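First comes the structure, then the notes that go with it.
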Amino acid sequence: MSDSTFNTLEEFKKFREKMNEEILARGTTNTKRFWALDGAVYNEGALDSKTKELMGLVASMVLRCDDCITYHMIRCAQLGTTDEEFFETFDVALVVGGSIVIPHLRRAVNTLLEIRRIQLNGESISL
Amino acid sequence: MSDSTFNTLEEFKKFREKMNEEILARGTTNTKRFWALDGAVYNEGALDSKTKELMGLVASMVLRCDDCITYHMIRCAQLGTTDEEFFETFDVALVVGGSIVIPHLRRAVNTLLEIRRIQLNGESISL
Amino acid sequence: MSDSTFNTLEEFKKFREKMNEEILARGTTNTKRFWALDGAVYNEGALDSKTKELMGLVASMVLRCDDCITYHMIRCAQLGTTDEEFFETFDVALVVGGSIVIPHLRRAVNTLLEIRRIQLNGESISL
Amino acid sequence: MSDSTFNTLEEFKKFREKMNEEILARGTTNTKRFWALDGAVYNEGALDSKTKELMGLVASMVLRCDDCITYHMIRCAQLGTTDEEFFETFDVALVVGGSIVIPHLRRAVNTLLEIRRIQLNGESISL
Amino acid sequence: MSDSTFNTLEEFKKFREKMNEEILARGTTNTKRFWALDGAVYNEGALDSKTKELMGLVASMVLRCDDCITYHMIRCAQLGTTDEEFFETFDVALVVGGSIVIPHLRRAVNTLLEIRRIQLNGESISL
Amino acid sequence: MSDSTFNTLEEFKKFREKMNEEILARGTTNTKRFWALDGAVYNEGALDSKTKELMGLVASMVLRCDDCITYHMIRCAQLGTTDEEFFETFDVALVVGGSIVIPHLRRAVNTLLEIRRIQLNGESISL
């Protein structure tokens, strides 16, 4: 019942994958360059990937983009983020961004519950 | 057909209630403090609650958060806001926030129609 | 599968039309004046309508409003915007607004595919 | 020391007045219509002007526009808003908009201090 | 008296140039790639550069970034944008973005006056 | 020459300190609670303070608040953030938030230069 416009992580991933294909097939060289850059900034560097994905998550929450939140939560979960770490991250987003973040937080917690169900089933969280 | 990601006020309330429970059960002390504060600022004071809820509604409209709009409309309706008052509030939001507010205004008017249907049935608007 | 909260352009148009009627019937003189102004600024002038609708599209993308994006894409398509022009417009929005625009871009490309299917059927894109 | 880009209310008013004149002299009919509408929505109606100006203030704070905050604070002060009412309004803006509002709140309080100094001098707050 | 945090176009250009040098000297490969991409999307293509710079201007106005507005106004002026075209562009930004855009519009018109003074002196507008 | 509306970190700190005092003296209990919460969410927990301050920095950059950026940069510098770490953080903010972030990035780099000058002088960065 409501992960943004998607009902399940599976639906989210399918639409994301399908449209990414269309965009990379039809877009300009600049579109493709932006896509490459969007991946590159989260790579291991002076800061590790997990820290960068947590940054991406906070940025997505204060800018209130459900799909971006879902994406970075999946990445953070893959990199071993615990529930305690997720909730402290949510707190930073909530205080910086205000109560307007709350509906997105509700959907983020719903996503977290789904992620943990998948992991409990012994499945891996993929993108 | 579209109150944000929710079809009816009933659906909105159920998801909101369920996720609030999860958040308050799993969140940190800071999360709980934010929740308390979010309630407290709308309490009767030098300004009455209705004025504060109308402020919350305008803020939610210019920040374009459908769930926040729905929440404050329910609260405003409980406190006796008339259609005339709602539409003058919408006008302030529309002029401050611009045409980008219009899709949210459409959904707000849809919500207003549902609220009035419920009230005409002699039911109270609860949260 | 997901043009904002709408599944098809037909659904988008029906809800938009129905709620516009309610708003213009119930709104104040100021509401109606805003509506008139919102139409007027895209009229042919020193700049042509297509340029103004493309501006409206970029503004809607960086402000991340799916319904506004859908509306301006339909208008741009009616005025003969090509795929190349759409994608160069998307690039400007993507670079100005950042990766937070990407989920809206995915839905915009989905809308573009639907617009082209309708046009290939020999139907006109109406509002 | 810092009311947005202005040092004093006097400076703010001079620049505002001068540029409004330029805009209304050079702008289109649509520009002038927007200006008229921007005044009209705060007029006495089903809701009184003070409530509407307080709404305008909250909207300006959560959208983080210093000049808009200054403008609505002057209007609110003219309509008799007390310090208690201002601070309860600030609280709503702070909780809805989050800590990102704080720098604007600091400047708003600075403006409030200047408004009260002017009023203590027996001068009226004009625009 | 106030082009954003800058008093004159000269000051704006000096700070911009100096800090761009620092950023490109100290930044990562990703920073440099973003800089290149930010230039590339405004290049002549299916749409001409002037249309793209006008898009950049509207996007900057609705996102309310004074420095970005100043930058795109200089580029638009270099590409022959007339006063009539500027004001129709301002109208689109004003209606999409709302009255919150007005303080930025005031500063934009101030910038336009400075640009025209420079051009009347027979000097070219450089960046 | 331009750290937001402040010329030096010293000026920023003085105004911040003075207005915080006014706000805590005049504000309501809710204002004070928000202030306490705003401090608490950055405390050491499951995530360390440096990670949280870096999150606060990214959030401030994508929301484009110069004073918030300055504040979190000072805190990050106190906690030992290196230039490499700062620039990778800037990259995440730039890609998530887009080119609209660039003017704030310029001022952030200017602030970084001032912070390093102070540290080279053997002085500590205080708030």
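Quick notes
We just call them A, B, C, D, E and F in the order they show up, numbering each chain from 1.
Here, a contact is a pair of C-beta atoms (placed from the backbone, for glycine too) under 8 Å apart; a residue touches a chain by one contact, two chains touch by 3 or more.
Just so you know, these numbers come straight off a predicted model, no measurement behind them.
Shared contact partners of chain C and chain F, listed by label: A, B, D, E.
Taken together, chain C and chain E share the touching chains A, B, D, F.
Chain pair with the larger contact count among C-D and B-C is B-C, by C-beta pairs in contact. Comparing the CA-atom centres of all chains against that of chain D, the greatest distance is found for A.
Computed centre separation for the pair chain A/chain D is 38 angstrom, with centres defined by C-alpha atoms. Put simply, the C-alpha centre of chain A and that of chain C have 27 angstrom between them. Put simply, the C-alpha centre of chain A and that of chain F have 25 angstrom between them. Among all residues of chain A, those that touch two or more other chains are 5, 28, 30, 34, 37-38, 41, 45, 59-60, 62-63, 68, 88, 91, 94-97, 99-100. Residues of chain A touching chain C in their complex: 5-6, 11, 14-16, 19-20, 22-23, 26-28, 30-31, 34, 38, 59-60, 63, 65-68.
Touching chain A in their complex are the following residues of chain F: 37-38, 41-42, 45-47, 51-52, 54-56, 58-60, 62-63, 68, 82, 84-85, 88-89, 91-97. Put simply, chain D touches chain A in their complex at residues 62, 94-101.
Contact residues on chain C toward chain A in their complex (touch as defined above): 1-2, 4-5, 64, 83, 87-88, 90-91, 94-95, 99-100, 102-103, 105-107, 109-110, 113. Residues of chain F touching chain B in their complex: 28, 30, 33-34, 37, 40-41, 45.
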